[in-house]
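Read from first to last, the chains carry the letters A, B, C, D and E; within each, the first residue is number 1.
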Amino acid sequence: EDTNYVPLLTYRTGAYAGSGIHIANGMHDYLAMLNERDGGIGGVKIAIEECETGYDAQKGVECYESTKGKNALVYNPYSTGITLQLIPKASVDKIPMLSMGYGLSAAAVGNTFPWIFNVPDTYWDGASVAIKYIAEQEGGLEKLKGKKIGYIFLDAGYGREPIPLLEQLSTKYGFELVQYPVPGKEMQNQSSQWLNIRRDRPDYMVMWGWGAMTPTAVKEAVKTRFPMDKLIGVWWSAGDEDAAAGGEAAKGYKAMNFSGVGSDFAALGDIKKLVIDAGKSQTDPSSFASTLYNRGVLNSVIIAEAIRNAQEKTGKKVLTGEDMRIGLESLDLTADRLAEIGLADFAHPMKVTCEDHAGGNPVFIQEWDGKQWQKASDWIEPMTDVVRPLLEAAAKEYAEKNAPWPARTEACPN
Amino acid sequence: MFYREAGQFKTSYEADQALFPIRQDRIGLAVILLIAFVGIPLTANDFVLTSIMIPFLVFSLSAIGLNILTGFAGQLSLGTGAFMGVGAYAAYKLTSLFPDVNVIVMVLCSGFFSAAIGAVFGLPSLRIKGLYLAVTTLAAQFFLEWCFIRIPWLYNYNASGAIEIPSRDMFGILVTGPEATPLTRYFIVLAITSVIALLMANVLRGRIGRSWMMIRDMDIAAELMGIRPLQTKLLAFAVSSFICGVAGAMMVFFWLSAAEPSSYSIKLSFQILFMVILGGLGSLSGAFMGAAFIWILPVVLKFVPGMLGFDIEAATVEHLTFMIVGALIIFFLIVEPHGFARLWQIGKQKLRVWPFPY
Amino acid sequence: MQTQEMTRTKAPAGAGDAILSVNNIEVIYDHVILVLKGVSLTIPRGGIVALLGANGAGKTTTLKAISNLLGAERGEVTKGKIVFKGDEVQALSPNDLVRKGCIQVMEGRHCFGHLSIEENLLTGAYTRKDGAAAIKADLEMVYNYFPRLRERRQSQAGYTSGGEQQMCAIGRALMSRPEMILLDEPSMGLAPQLVEEIFEIVKQLNEREGVSFLLAEQNTNVALRYATYGYILEAGRIVLDGDAKALRDNEDVKEFYLGVGGEGRKSFRNVKHYKRRKRWLA
Amino acid sequence: MNAIVSNLAQPVGQPKTAERDLLLRVDNVSLSFGGVKAITNISFDIQKGEIRAIIGPNGAGKTSMLNVINGFYHPQEGTITWRGEVRRKMKPYEAASQGIARTFQNVALFKGMTTLDNIMSGRSLKMHRNFLWQMAWFGPARQEEIEHRRKVEDIIDFLEIQAIRKTPVGKLPYGLQKRVELGRALAMEPELLLLDEPMAGMNLEEKEDMSRFIVDVNQEFGTTIALIEHDMGVVMDLSDRVVVLDYGKKIADGPPEEVQASQAVIDAYLGVSH
Amino acid sequence: MLYDIFIGPFVQMVEMPDFFLQVLWEGFVAGILYALIALGFVLIFKASGVFNFAQGIMVVFAGLTLVGFYESGVPALLALLLTIGVMGALAYGIERFVMRPLVNQPDIILLMATIGLTYFLIGLGEFVFGGEPKRMIAEELGLPTGSTAIEMGERGLVILQHIDIAAAVIAILMVTALGIFFNKTRIGRALRAVADDHQAALSVGISLNQIWAIVWFAAGLVALATGIMWGARSDVSFALEIVAFKALPVLILGGFTSIPGAIIGGLIIGFGEKIGEIYWGGLVGGGIESWLAYIIALIFLLFRPQGLFGERIIERV
């Protein structure tokens, strides 16, 4: 029987499992639902296989090596570290890699990285939105001058990625950027960082937390009586447990998001009915439709839509990695299409082009009301004008440092 | 009776001091080398090469490195990961500073940097012993890890903080970078590992190897017999770190091709320590056996349920793997605290007297 | 052959009332090294039995087999049985055996280096339940036996001299009020005066309190003077046994163990090298 | 065997009192640990080529004395003169390189190594090939190794321990361990050999063997020997002069017969006269 | 530059006394928490000479079990009792299947075995409880959760978390109890004997099995207390296991065998680390906490190779 094989590099174990499990469930369940409901995509079932990485780069590479031979269509490493290792390998093996909203920001430059996709946004887009949102609160970008903005982050590739952009913005808008790195080992032991924050009294805090780092940070923020409405997390710090760790007192904590909030979507209803209630998933019903779960769903939506697109573009039903790349690179997920698949308004419409693999799509801010996340802003556009040149420069630098970096040989699909 | 030594007389000290004085062992080694250099390249697929053999060899080499320090010189170290990291970062810096020099030369040179750093952290070993010494090596581990993060010069100011290995060729064949074939990388790693293993086997059976073991077994007596403890220990630290450094550099150059500081974390230190202890402290062949066990077993375990037709979740497999590996470690320690190497010896002993029980 | 005969005819005195009997045990180390090849011994209640033999004959191994300490050295008893006070004890743990009244003084001292001498002695009383006063009294008794220990009572045992440690090890065993003591080379490293004293203590305990002893000793001379019965172990087998007096008079024993061959005691300076052949092995 | 004959060999039987024959002199040495006075104001000397016994009750300070001589302990007071030179605060490995070797009361063999390697380890100071040669093995390093192996084999033959050449020493019976330890010390070709209770735990036969080795070493190679032993038979037969310690003090010094007859020694050490 | 190193920090301490006090308090709390973990290590080390690497995972395991019982509907206090039972069973299991067969083996082998145990418990814990972080049921157990702010001067504020105060009290109680247990009872002496020489301890009739079951159980209880306290600060998750590394320098500093050493070592590390990080860390980019503790311990060790309160390392021939 023909299938389209989609390996999912997930982690349900290790220090970051707290975040990883929800993502893994969301990714798995949507694809499983398509298999149940529609018999796959275009009549071909999706073969889903999870490979456990434990957020560990070595194991991630091992997963990649052990699955790529099975005609893998696309990889989602869910770790910036693993992404970095796989970028060169995937480029050589000609298998696209979708790092949705994480990974190497520069990979958005499709001409340099034809095989890597990071729709809907890069970290730099995210960081610029955070600054923009702060400016909005203060009443305009010019009001940022003289403000102090703290940046607390997981001290790894993931958390360091936004720093160049933040520094750029800080010089541009004249605010002071103070960095608070949290070593991976000390994730659950952040009292020093928050003491420093207390002393420095930044006006706002931007947070790039993951795994157990986020709930600990939220708790510490509450403890040190940092004004919670001035703490803004990246979309990966937007988990329900993350905020719940602070309980009532964390009311006002904000985080960016680009995937739907809540379970009020037809497709999610199908998942619940056909997959979860049917006992075909590991999802704990209480965590269904949580922020990170929905994030996982969106990841699979992009995969599924890319498969469909590729099937249309190539006329094949059973695809290869190369076909998949075509599907991803000409992906156009419109509002209509989202509605059609039962996920109206679940995400902002996104379009991938040859040049731009990220799209720089708008994101919104959600706020914790003490019990739940609530949407707290409209879609905010990132500062593409600042981000794009930086991306170009970074891509160029990457190619130079890794010379001889192969030039793009893949034709643009349209 | 299979393993019969009778009738093999050594007529000179040369013969008696050969690495493998017994014929069966020599044949065994020849077979292993034949498999490694011919058999595996002919049969193995990319997955086996890149995910099993290359890491296995890299780990074997680092296990040899640690074994020299802990198994032979008796200095417990938990800083192996960081020393490997020093090698990796040094090699990376060297290749970017001197892009035209052959990478293999650079990989080997990187060992000198880790040797120097290892010796520095070995200094307290004169006063501090045993488990207490573990803390100085842990200090090395965490401090160096921190350096890898905090000194951007080390990773050429990459935004990601990771080192990425560019493609380099040697005699027209790509040896590093994503386009280098697994086979090429395998051969390089195999060659470096076997050569270093051989050289170390030589050192270990001579005066220097003995002086390490003297320090390990009874440092006071060693000192009263003319061994200078500081020099000897520092040499062990340096040699061990050199080898670990080369292994660390190989790890990123020929296996991972990109590495973050977390690749050289304490977890790696423990992994290597496991290999050394399970393989057998103070045994070179044990280093290989330990590496095989610790690295290959979990990889293989992952496929077992699938092969048996069970449909178990990936995470559950991972949990089970953890439990099984943990239990097996304890099991093997109980069966033979001196590791696989000793187990193998006892096995030989049994073969010798077979079919009688003793 | 004369020796064989002796083995057969003379059972140890009072064999009927044996406190400990070892029947044909075999011990293997590491699953491959066979060390004891069928050793049988009987220690009568209230007897002092000496176990003699050259280095590596298996004396220590025998004692450890009895006190069940072999497990800690990867050795095991694979055959035979050991009966102490009428019960088979192979399956007991060492501490059960101590509770039952059989304690071993290990070869090579084995004091607890970080504990003071006094604490070392007190650990000996670990299994006792008869109250602090009794223990205190025994402590006094040990100090009276070994005044040197009283002087060093607060010193860490690890830093005391070899002989002091040996006294400490023996004193520690006495603290458990045993009925049977397995003494492994008690005289090793002790000054001549002390050697005599220790054997005097053995004799006193034996006579006054009825403690039985199994002595593994290299100092055959003294051992046979105090023991009532002796076994000679060679390469894992008992090759000769008999009353202490009979052994003392045995020609081979005289020559090889007591050093009083045909022409009386030789000077150590003038021993000549010759290949010894034990007659009973012939 | 002749290979290890020390070039400083002394003809036996000559008068041994001349100052130039003095190998080592201990002057007014005191050593204490916290409150414990292990050695109090002790002086004695060791002549070239003699067998010098040190005896005394347990805890008298005999082992401590040896430890002072080879630099493991540093006395608080007093001096040690080695071949006419006064030395202070010497490191143990320096003592070794000056030709002082020893065996230990509690066997201190290298447990993880074979008999052969243990004895080879005694030759460490005499081997010089550097790390690079060692790595290459073939050529000089191997040459050196074999050369020393020959000498070690001589010692193995001498001590009659051929059969256990390749056995790890940890599992040897006690008596053989002591013998290997002697071999290891001999391999250093020392000028002064310090033996700390070499015959403890041996039966008569083994003591005889050991005595023979000690006498041979002394007579054939002229090695000076300082010997601690509790077996009075051995001490009386072997030693040229005996020094007796008690509670860290010297209570007698002289030829064996004299010492044996001294009432102080009998009271403190021998008990009933032997 | 020199000013930043030698003068600036002190000026800051004086200028912002409330903040300095807060730093000290945080250092104190961190120290107490480190000490709690270290205490578990000390217990086992003292009683068997084993460096129990699994203490970290035992903390996680205890915490997860407690929360797990609660989540499955058992009332909090009953859950606590059940968890104690589970720790007892675990102690028995470890004694029976790990320690007993490894009696008389060298330290490093036992160390390795406990690392093997760590792997096993990680797998088991994740298998049973899943990998998500769980919220500690501090409130339900009757532990205080609020905080008190002490005003100082105009803007000054020192915030004390009640849970931290509870942690300090519990730690001190445990240390006292254990201290008495070790020093005043016959079992305490036996434990130290076992740590010195397994075989000799056996020979004088000390039952290793019993002793080990007791100390592992005690270590399990300490782990449970630690799990509750750490869990209440952040969450109970497997990431906590790493915190156990912090216990190492504490342990080394205090000496492996000293119970008060664990507390004092913990406090030195806690204070040193916080003060170092807050006042000097910024000079080198921050995050020095990850190694500062080790360096502090290392410096102490160079002067006292056996730690502050450790037993002298015996070197004699």
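Just so it is clear, a contact is a pair of C-beta atoms (placed from the backbone, for glycine too) under 8 Å apart; a residue touches a chain by one contact, two chains touch by 3 or more.
All of these numbers come straight from a predicted model, not from anything done at the bench.
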Open item on the list: Please report the smallest number of touch steps linking subunit A to subunit B.
Closed with: 1
Open item on the list: From the C-alpha centres, identify the chain that is farthest from subunit B.
Closed with: C
Task: Remotest chain, subunit E as reference, centres from CA atoms - done: D
Task: Pair exhibiting more inter-chain C-beta contacts, A-E or B-C - done: A-E
- [ ] Find the geometric centre of each of subunit D and subunit E from their Cα atoms only, then give the gap between the two centres in Å, rounded to an integer.
- [x] 49
Open item on the list: Just the number, please: Cα centre separation of subunit A and subunit D in whole Å.
Closed with: 74
Open item on the list: Nearest whole angstrom, what separates the Cα centre of subunit B from the Cα centre of subunit E?
Closed with: 32
TODO: Please set out, as single numbers or ranges, the residues of subunit E touching at least two other chains.
DONE: 122, 126, 131, 245, 285, 287, 290, 317
TODO: Send over the residues of subunit C in touch with two or more other chains.
DONE: 33, 159
Open item on the list: Show the residues in subunit D shared as contacts by 2 or more other chains, in ascending order.
Closed with: 63, 72, 104-106, 108
Task: Complex contacts: residues of subunit E adjacent to subunit C - done: 103-104, 186, 189-190, 192-193, 195-209, 257, 311-312, 314, 316
- [ ] Mind listing the subunit C positions that touch subunit D in their complex?
- [x] 29, 33, 52-57, 107-109, 148, 152, 155, 159-164, 166-167, 185, 188-197, 218-221, 256-259, 265-269, 271-273, 276
Task: Touch list for subunit C against partner subunit E, complex - done: 67, 69, 71-73, 93-95, 97-99, 103-106, 110-115, 119-120, 122-124, 126-127, 156, 158-159, 172-173, 176
Task: Parts of subunit B lying in touch with subunit C, wherever the complex brings them together - done: 346, 349-350, 353, 358
Task: subunit C partner contacts - residues on subunit D that touch it in the complex - done: 33, 36, 56-60, 63, 105-106, 171-176, 197, 200-209, 211-212, 215, 230-234, 237-238, 269-272, 274
